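Here the structure comes first, spelled out in structure tokens, and everything after it is commentary.
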Amino acid sequence: MSVVVRNTPRTDSGIVEGFATLGVATVHEAQGRTGLLAPRLRPIYRPIRIAGTALTCELAPGDNWMLHVAAEQARPGDILVAVPTSQCGDAYFGELLATSLRARGVRGLVIDAGVRDIADLTVMQFPVWSAAISAQGTVKETVGNVQTPVICAGVRISPGDVIVADDDGVVVVRREQAENVLRNARSRAAGEATKRERLAKGELGLDIYGMREKLAQRGLRYLDAGDD
Amino acid sequence: MSVVVRNTPRTDSGIVEGFATLGVATVHEAQGRTGLLAPRLRPIYRPIRIAGTALTCELAPGDNWMLHVAAEQARPGDILVAVPTSQCGDAYFGELLATSLRARGVRGLVIDAGVRDIADLTVMQFPVWSAAISAQGTVKETVGNVQTPVICAGVRISPGDVIVADDDGVVVVRREQAENVLRNARSRAAGEATKRERLAKGELGLDIYGMREKLAQRGLRYLDAGDD
Amino acid sequence: MSVVVRNTPRTDSGIVEGFATLGVATVHEAQGRTGLLAPRLRPIYRPIRIAGTALTCELAPGDNWMLHVAAEQARPGDILVAVPTSQCGDAYFGELLATSLRARGVRGLVIDAGVRDIADLTVMQFPVWSAAISAQGTVKETVGNVQTPVICAGVRISPGDVIVADDDGVVVVRREQAENVLRNARSRAAGEATKRERLAKGELGLDIYGMREKLAQRGLRYLDAGDD
Amino acid sequence: MSVVVRNTPRTDSGIVEGFATLGVATVHEAQGRTGLLAPRLRPIYRPIRIAGTALTCELAPGDNWMLHVAAEQARPGDILVAVPTSQCGDAYFGELLATSLRARGVRGLVIDAGVRDIADLTVMQFPVWSAAISAQGTVKETVGNVQTPVICAGVRISPGDVIVADDDGVVVVRREQAENVLRNARSRAAGEATKRERLAKGELGLDIYGMREKLAQRGLRYLDAGDD
Amino acid sequence: MSVVVRNTPRTDSGIVEGFATLGVATVHEAQGRTGLLAPRLRPIYRPIRIAGTALTCELAPGDNWMLHVAAEQARPGDILVAVPTSQCGDAYFGELLATSLRARGVRGLVIDAGVRDIADLTVMQFPVWSAAISAQGTVKETVGNVQTPVICAGVRISPGDVIVADDDGVVVVRREQAENVLRNARSRAAGEATKRERLAKGELGLDIYGMREKLAQRGLRYLDAGDD
Amino acid sequence: MSVVVRNTPRTDSGIVEGFATLGVATVHEAQGRTGLLAPRLRPIYRPIRIAGTALTCELAPGDNWMLHVAAEQARPGDILVAVPTSQCGDAYFGELLATSLRARGVRGLVIDAGVRDIADLTVMQFPVWSAAISAQGTVKETVGNVQTPVICAGVRISPGDVIVADDDGVVVVRREQAENVLRNARSRAAGEATKRERLAKGELGLDIYGMREKLAQRGLRYLDAGDD
């Protein structure tokens, strides 16, 4: 059975906006190194950075019909997350669909498949993370699901979860945990500022992080060149 | 037997120039989704777009000798299409050959193998689509063919066929069909302009393309979140 | 046993600076087509070009502890060469470590693994060649080696060897051979200038390199289109 | 936080045994083409076929410590499902661990990573589906999770779900749906027997499935060779 | 437009049978190293060897409908050659279709995509060369072509061409050239027998093929260990 | 300059034979997890196991000329280790060369490239580990090196080093370290026998290796299903 679930809850927009200035790596660390999508998803241009709420869509391989169905469910602030049920790198998405999504308030696309019209998408500055680039189009014959939980690039994403994406990749934060993760991520970012300053002055991580003793315990030895 | 075929016919230049402003995706659609080269061929810089006539060259793996032979057969408006007889990602091509080809009027290179000097090629704005980037050079020991039909990245290309290439990839249009395909592509591009305008206003593809009934017939159902 | 070798010799800086304006392809040719790292190592931004001396570091997979150890051994002019003992594309390196390395005079990173914070690294213009991009962090549990010979992307690199890297890839020149290779590379670059000029005027490689006779001997035949 | 969840419920063994004679493809079809693990997981020998209940284990990359923790939670009829938190193809598993698991009643291993000692595992006929084969060992430094839900090769697996695996790959059936899916799968297998018999006699699928009219509607035309 | 071309000519069966005992490598050499399909096509079991005439079929990605259409056009001695118009590794083929094809006299399948039921196909000894193994099924929604020329794994194949396939891969011989290639291949196989006998006695290829002088001319030098 | 180094020393045959019954994984562990070739090298049949001394050969890509030169340098007990200077998966080796090498006492082939005639090689039981299987032949135009140190699949191998290879892969032991490594490997194999016996009785690795305390220290917690 194929379904479209309407009116699914989104993460509070105040929280979502908080993620907009944080990097994917920071968010990933802040939630215990979970939620990172596989690195085969790459941005089509750089630099690039967005945060928004997941609008999920499950497709048949080589069939982009459900993207049109998803467009109707979009709300401002959403990021479309599209996953075919098996791998096929054809182009499910191009600038016409981007035009439509932008008109509905969608901030970008994360797709474990291919896209086309990337020159136009770059000019439009419509952010896309995809597994492939191809000009090969798709058909509109088989229905799928919209706004149901999906597995995208190895990670489970539910409608309304927070998506954060930048040059490094894409991470998802579950809706229920978003507030906590945001707090951790901000605190982590603040902590890094201090370390950055010390490192920039030439202090060593060995000293800042107090690593020397543990390294010795694990068996690290220092020699001088020419020693035997 | 290795041969160079001289004076092969080219697609009429008036037709070729018509393709220069059309995207690869549009041309691919306009000829019934045929002629697209495999997406492993990627441009070395972006944005990028050319159209021209195929100057074909078949090489031994790890051997770029025939590119020099091909250079002599070039005519202004050609695009060199080079294919080794088996996969080897070494660099068959660099800025010296690009300098030579440009002097002979060649507009770019499509090669199912590797290239080097990509910083120089980018500065020269010499367009290249390749399967690999490597600094590893090749030898000049084994002869091949110039201006015979080749299979490049999964597609048959004959001398004089139209090559259109952009950020999305590379498509070939057979010489005999070029005029018809150009007409279809232009008409398709015109039709898209209208759709783009409607989508940009927020109209849905579901309505513009009249998809709702067929979706229901294929079994798509709408639920509300919280329903069971 | 895990070791850090201190005070290893570096190639003379006068020689190293000589490589700074030469391309990787030229250097590779100048030493008999040896020393080129596998093309899976790609720069994180372009254009990019550096030369420096190898500061080597061998890591456990998914563990970046030894990069901090390596930072202490760095000298101005070094390029960090990092290799996990088995393939794992996680991010061993980001902008904090780059800040530290830059403060110690390190010119860039060559790593047969993944990196993150690539937007920041690009803004900093800290040059990195890596096999992957990922936001997935690593642990600090297992010791390795610093300033011992390593195999990186298929090539043996000893501490103090010259590393030259640009848009095309990365090449290593052994310390003992650096002076000779520099001389050959400069002579090769000079020779190419003349050829470039002749090719730019439309002369053919067939004539400049005197290839016609050898091609005929190897069996190349010329036909005219329509001949049979 | 790393946890081991004890005493998680398993699918009823009567149901599990029912899957033992059904193929992965049949089970996959019987649950609406869901639950199939990515085809990068391949059996280490053939022919091979098992069904059992999932004993899940999440590992650090290059670290197999938690497999020993999982062994203690095993119950007869389990299949160990092991997933590193990021890709690393080292060997997390060999014949010593297989000996241990077999002694605890475990029927096989599904791992999205590498294994070794495959000659011994083949002689033991201990079934393994893995993403890689390598002799490279792992460390025991970082804790993970046992018997929590995991994403393995793109599919969510909960402790106690049914795993069915054969030469074609691996499929998971959720515990709550196992009884229904078993019924569907048996009915499907029965239906195929009749079709097989008719096809074996030379009847065409075109007629058995009544496809001719729909093919004509979709535009299929028949020509004779030599027609134009 | 989608077409089925009926009554296409086949290579004479006397010639086809002549290829049945010759290896793919021998046939490939005997026609000037042309016609070899890309090595991503691998047999599902070994040892394996067949020769037959090509029954070609072009499919939509993730759609196996046309295989049923192709079955009707089969004649005894055919080998089905199936190609999706873009890459998708799902299973287009399993034991039911194999049962049908065998009943119609088809000798095997060459497919640039995936198959399933490989345990059954192995027991049936139905030969298959495929690019992937997966249990993921396909739909029946989009029409394609039967018995038109196709590009399969990088090589053009016309209906009725000879297909020879074994453990090493798959090669096609064009119908018009089949008689000549058979003659060359037999002569080549005979010549190898003599060489095999001499090599088995310990004679060196260096002497049998008279390579020593050419090696010296190309600059090969002999040293003794310890020389400098 | 291309050289053949004659009369290079081999590891003592008494030591080499000692490795013949030890697995690759055991040897790899016994020398501190070094010397393992990248897992892209796979055996062409299974089960398979050999030990011998390295006869090294460096080739041009797509050119197998030097294998004939290497054959002359072979001594009984050698294993040929062949490496092209850049990646090309064509078939450098088939049953004629295997016949020649066997006649000269060579025990097998390790090649970071392709081979053909694998059905014949399997019948001959001539052991081969390769990176690819293809029927595509190579040329004989460019000279290389025999019996010089090479980097094969990421590992440095010198003439006369010990090669051990089995179903899991290939490992090299340096000649100078062979006696020590053999002693360690035997001791390791003996220690495993005891552990195997205890594990087979159902004892847990957790207890045998005393892991429980360290796991608790690193933060592992036990819950019961249904707890919160």
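So that you can tell them apart, the chains are marked A, B, C, D, E and F in the order they are listed, and the count of residues begins at 1 in each.
Operating definition for what follows: a contact is a pair of C-beta atoms (placed from the backbone, for glycine too) under 8 Å apart; a residue touches a chain by one contact, two chains touch by 3 or more.
A quick note: this is a predicted structure, and the numbers were derived from the prediction, not measured.
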Next on the checklist: Starting from the defined contact criterion, work out which chains touch chain A and chain B both, please.
Outcome noted: C, E
Item to check | Shortest contact path, chain A to chain F, counted in steps | outcome: 2
Checklist entry - Between A-B, A-E or B-C, which shows the same interface as C-D, counting it as a repeat when over half of the contact pairs match? => result A-E
Item to check | Which of A-D and A-E has more C-beta pairs touching across its chains | outcome: A-E
Next on the checklist: As a quick test, compute the distance in whole Å between the mean CA positions of chain B and chain E.
Outcome noted: 28
Next on the checklist: Between chain E and chain F, what distance separates the C-alpha centroids? Give it in angstrom.
Outcome noted: 31
Checklist outcome for this item: Cα centre of chain C to Cα centre of chain E, whole Å, reads 40
Checklist entry - Taking each residue of chain D in turn, which ones touch at least two of the other chains? => result 1, 33, 36, 85-87, 89, 134, 136, 141-142
Next on the checklist: Output every touching chain pair, sorted by label.
Outcome noted: A-B, A-C, A-D, A-E, B-C, B-E, B-F, C-D, C-F, D-E, D-F, E-F
Next on the checklist: Taking the touch rule as given, give the residues of chain F at its contact with chain E in the complex, in rising order.
Outcome noted: 1-9, 65, 68-69, 71-72, 89, 91, 94-97, 99-100, 102-104, 114, 116-120, 122, 132-137, 140-143, 147, 159
Next on the checklist: Under the definition above, what is the set of chain F residues touching chain D in their complex?
Outcome noted: 23-25, 28-29, 33, 36, 39, 42, 46-47, 49, 166-169, 171, 192, 195-196, 199-202, 204-206, 209, 211, 215, 218-225
Item to check | In the complex with chain E, residue positions of chain B that touch it | outcome: 1, 32-34, 36, 38, 85-87, 151, 154-156
Checklist entry - Within the complex, which stretch of chain A touches chain E? => result 60-63, 85-90, 134, 136, 139, 141-142
